[in-house]
Amino acid sequence: MDVDRGLGTRSAMTRTVMLRESQAEHKAIVRDDGTVSVGDGAPVAVRVGRDGEVRVGDPLPRVAWTVAAGEMRWVYLDGEVFEIEVQTDGRKRRAAATHGSLSAPMPASVVRVDAQVGTAVRRGDTLVILEAMKMELPVRAPADGTVTAVHCKPGDLVQPGVPLIEIV
Amino acid sequence: MDVDRGLGTRSAMTRTVMLRESQAEHKAIVRDDGTVSVGDGAPVAVRVGRDGEVRVGDPLPRVAWTVAAGEMRWVYLDGEVFEIEVQTDGRKRRAAATHGSLSAPMPASVVRVDAQVGTAVRRGDTLVILEAMKMELPVRAPADGTVTAVHCKPGDLVQPGVPLIEIV
Amino acid sequence: MTLRRVLIANRGEIAIRIARACRESTIESVAVYSDADAEAPHVRAADLAVRVGPAAPSESYLSIPSIVEAARATGADAVHPGYGFLSENASFARACEAAGLVFIGPPADVIERMGSKIAARALMQGAGVPIVPGETSVDQSDAGIIRAAQAVGYPALVKASAGGGGKGMRVVPDPGSARELIQAARREAEAAFGDGTLYVERVIEGPRHVEIQVFGDAHGGVVHLFERECSIQRRHQKVIEESPSAALTAGVRQAMGDAAVAAARAAGYRNAGTIEFLLEGAGDTARFYFLEMNTRLQVEHPVTEAVTGVDLVRAQLLVAAGAPLPWTQDSISQRGHAIECRIYAEDPQNGFLPQAGPLLLYREPQGPGIRIDSGVVEGYRMPVIYDPLIAKLTAAAESRDAAIARAQAALRGFPVLGIRTNIPFLLRVLAHPAFQAGAVDTGFIDANLDQLLRRSPAPLEALAAAAATRAALPTVPSASPSAADPWTSIADWGRGAP
Amino acid sequence: MTLRRVLIANRGEIAIRIARACRESTIESVAVYSDADAEAPHVRAADLAVRVGPAAPSESYLSIPSIVEAARATGADAVHPGYGFLSENASFARACEAAGLVFIGPPADVIERMGSKIAARALMQGAGVPIVPGETSVDQSDAGIIRAAQAVGYPALVKASAGGGGKGMRVVPDPGSARELIQAARREAEAAFGDGTLYVERVIEGPRHVEIQVFGDAHGGVVHLFERECSIQRRHQKVIEESPSAALTAGVRQAMGDAAVAAARAAGYRNAGTIEFLLEGAGDTARFYFLEMNTRLQVEHPVTEAVTGVDLVRAQLLVAAGAPLPWTQDSISQRGHAIECRIYAEDPQNGFLPQAGPLLLYREPQGPGIRIDSGVVEGYRMPVIYDPLIAKLTAAAESRDAAIARAQAALRGFPVLGIRTNIPFLLRVLAHPAFQAGAVDTGFIDANLDQLLRRSPAPLEALAAAAATRAALPTVPSASPSAADPWTSIADWGRGAP
């Protein structure tokens, strides 16, 4: 925040972090002079507040808010939210979350199942209708694909996080 | 807060706390069934929140806010603030704060000294005039008494907490 | 009569709102809580609190015997139902009266009458209030409803008589899909209201949802407090509300206010209520149709409070105690502009599915003209079984443009992390040219959904911030497991220093 | 012209207020800070920040070269001075102009003219605005001022021509004490303003302090925004302000508004300013006298914003950029009632001495009609060398009674612990029968001081709460030493888990 804050010239200790967001991977280098480079970009000054506020850039920083949850970093930047997975070098990557599996966000009952194994679906197609809080909630295809598994049937009570449908 | 919260009947571990406020001393007994008695009073239910909120009484509690600073307890109750000194049994009392000594609350310069050793003063009498932040600040007698010491003279730069005048 | 102690039969932000109004009126307040809410913020906002049952709403917040018993046990003399839950339940209002409790709302028979959309339509028609052209069929079979739809003409709107909030409602585009959609509407209506009675309305093309706040007292006084424009909605759930409506000319505003007062009078209304209208067309030739009456305080009441300067909840307490309205129609003015954004725990990218989980980071914005109504704190875990409303942000300013700018600045400074919310979505609505021009109707979100859901990959700054954030940072003090119980025990006092 | 980047030449709550207004106007903001404020909240409220010198105000916030250089270095095109510090310093306004910076306030010569109370009195007299009867003596010796006092008659009020905020001002009750009091006034005036010029006014018995907010633009437009009643003051420092004033009839209000506009026109005023009046008597026969003009935004401006619904700081930015006033006189209305309480770190029991130290616990209240303007957070250490204002609480409601009740409820829920504050004192003022009746004058606090300072011993509940509070409790997370620097280092990343 201090405009005359130097970027430091001494030989910096560095740490490499792999970032994954929106299917893209980025390599970031975090230096102990308070700078971070992402990909081939130039180092930018980063100050991390004790209360979750992060200022990125110098002298006119952008204000972000971050919180860590396991290997996930939640980042709030100007009203947009990014969920970024981090992995430091030397550490094994955990099995990726089951991409393409759809689950209920809350305890719900299954009203109808429109998906069948092997069917091609388009993004936005309704695959399952749940009912929770007395409202019908459609579960829609997040992308074009093919249904590879159906784990529920009408009348089931389903718990959050348990896959209902898998799509490839 | 739960109206059906029992006060407990099992033999309670207790701890005695001496409280000092406004010249008065009180003996309080804190029990591990969540009750406190003050003096000869009946036990009252007390819940201490992790964020400093304290609820006293059951079923209709009063809400207080407290914070500890050394042996001092600051208590906010319905817009009144109490500074209460606590001392648990088995612990020596520290030397009492110099009662009757008046000090500057902030760095200031002494403009005028109206107090003389041996003089009788009445509550509200101006004893010293300080200047800080370009304003004159009168230091007044907090009670009737006699001046026993004067530690400053006009032109002095005084620091907070250092006694200027002592009164008995 | 004076109210001495009010039981608040609700939870979350509205329970806190009501507790504050009680405190300012030197009335004691009693919170109720289910097992899922024992440590929820609304419990601490009241003077005392009482458990009313297990987590399931039907056994706690919706249980008339539990709530009435809680009022009796705590010596309350009145009950405020808030919105949702039992607020529009005539049996509950009756049970309160029978138990000697003042129900802070309209009389039970008024709730009942307006709760039947079919009866309400008939009443309004009699009072000269325009209603949406439609058909009510005595034959409630699929065939009977299909005939009513045919009489109205396709596309037709099938609605639940007991409905509200879009539940049990379907647009039937053509005869081919009629049976399936009618069955879905009936199924939903039966589940939600225990009453599958349906009726059919003409579909108004490109309508706006504009509602008028009304208030009646026990002495024959009825006033309106101007309009709220609620066209930004999704599946009939309001998302952004504002006042004034950019669509109303002075003449239409006056006519709607008069119609709303006539409607409230016809209903024998008392306390705070809302007449919802559909607005068709624009300018002085715009037409409005009675949609339904909400016989309770509205979620979006802060919008009206901001532009009129009145305190609706305080007035509810006064009027419930038998006092006359604290205003005359002439003393109520509409000044400036206010916009409310409802912040939900939901995932817009995934069908707006409600989200549950911890608010790992939650910082409310502040500032002139900003009002936050919330029922959460940092570290609070959004429960799975209740409404996913996190907070309401109301921005008031001199003009619509200034109110939009204020809401945008406030939302950009309202970090909520740990679960997904609709804040980015709200910001995209506020920035949309059609919204900024005030040129919206109730189809706005659906028509612009792709654009409103468009996300960019994380910019450099977000990636750098993520890379620099360590898991071990003490940035989440209240997200520790112990935060679930905000109280400590004084039992282990002896183990620590004094 | 459009402002692109505004340097805020101030600190604390007002710097934050201005930064918010900039953000909503999509103008970038630059904070300045002294070494004592490097981690102060106002620094983080702006888009960027720059150090302007050591802790001593004369070397930082009062240093014209440092501030102008900061604006240059950060590429600012305008400067907002806030209140206090350089806000009424004509040389600063001139230095800004010379550096090509827009000074967000009146022209330098207007500041200069109104800064001399003697010149301002003459100007107002010429414009037909009533002034307090008094004497200006060319002979500034003790004897000269004593002669002026004799001409006015005892008790007489000796005031500094360069004065403001009660500095360099003394009531001289009789000839015997004249010399000592005149010397004290001169000494204080010289220290505070570098100008010991004095003049003498008749003492108005039992006056109220009622001021009118005015606003002018560069196109000849001048409006007033109604009054603020500021009679609750101590040693000429305002403590509680409200609007409307309970003392004004419609006729007197109109006359004062007209006089204030005439005064602002006579001064060639531009941007936000305040005409302070003394009010003598009551009802339609009350008389008012020009006291002084404050050529800047006022501390208590939120009171006016609450009752008129305007945003004064936003308007300051617009008008400074050359735009015409965003209002006509007829478009400005006064609605409802607002009360501001200034919360100070001071010890009323000990002569209201300012207090320095950590805010061990600090929780702001919230709710409809409550606005908090603060420059602190929990754990913040009130510095010894700046103004001890912690926060301003503004309560707005439909009526004066409701606004008082709202302010009381909010203050009771505003725990500030760790240093002494005037919150208990404020509550005693709000509860005082004379205050509740609106029957106050500027002598209210002195006349009722004993009663307003009366404290009771700690009740049982406070003692029990103290006994149950452990020193080791993690109730003060942010009071740890590390809280002084809110930033962590990313250097030791490698030591923690990712």
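The chains carry the letters A, B, C and D, assigned in the order they are written, with residues numbered from 1 in each.
Simple rule for what comes next: contacts are C-beta pairs under 8 Å (C-beta built on N, C-alpha and C of every residue); 3 or more make two chains touch, one makes a residue touch a chain.
All of these numbers come straight from a predicted model, not from anything done at the bench.
Colleague: By that same contact rule, can you tell me which chains touch chain A and chain D alike?
Modeller: Common neighbours, chain A/chain D: C.
Colleague: Once you count every C-beta pair in contact for both, which comes out on top, A-C or B-C?
Modeller: A-C
Colleague: Hey, how far is the Cα centre of chain B from the one of chain D, in Å?
Modeller: Result: the chain centres lie 31 Å from each other.
Colleague: Report the inter-centroid distance (CA atoms only) between chain B and chain C in whole Å.
Modeller: For chain B versus chain C, the centre distance works out to 47 Å.
Colleague: Where the centres are mean C-alpha positions, what is the separation of chain A from chain B, in Å?
Modeller: Computed value for the inter-centroid distance: 51 Å.
Colleague: Which residue numbers or ranges of chain C touch two or more of the other chains?
Modeller: Those would be 468, 470-473, 488, 490, 493, 498.
Colleague: Residues of chain B that touch two or more other chains: which are they?
Modeller: Correct list: 17, 30, 36, 46, 48-51, 71, 86.
Colleague: Each pair of chains that touch: what are they?
Modeller: A-C, A-D, B-C, B-D, C-D
Colleague: Which stretch or stretches of chain C touch chain D in the complex?
Modeller: That would be residues 17, 20, 23-26, 302, 305, 309-311, 314, 326, 333, 335-336, 366-369, 371-373, 396-398, 402, 405-406, 409, 468, 470-473, 477, 488, 490, 493, 496-498 of chain C.
Colleague: Quick check: in the complex, which residue numbers of chain C touch chain A?
Modeller: 167, 184, 187-188, 191-192, 347, 349-351, 353-356, 360-361, 363, 384-387, 408, 411-412, 414-418, 420-421, 423-424, 427, 455-476, 479
Colleague: Inside the complex, what are the residues of chain A that reach chain D?
Modeller: 1-4, 13, 15, 17, 30, 32-34, 36, 46-51, 53, 59-61, 71, 86-88, 91
Colleague: In the complex of these two chains, what residues of chain C are touching chain B?
Modeller: 28, 38, 43-44, 47-51, 73-74, 482-483, 486-494, 498
Colleague: Could you please specify the touching residues of chain B with respect to chain D in the complex?
Modeller: 17, 19, 21-22, 24, 26, 28, 30, 36, 38, 41, 44, 46, 48-52, 54, 56-57, 62, 64-71, 73-82, 84, 86, 104-107, 111, 131-140, 142, 160
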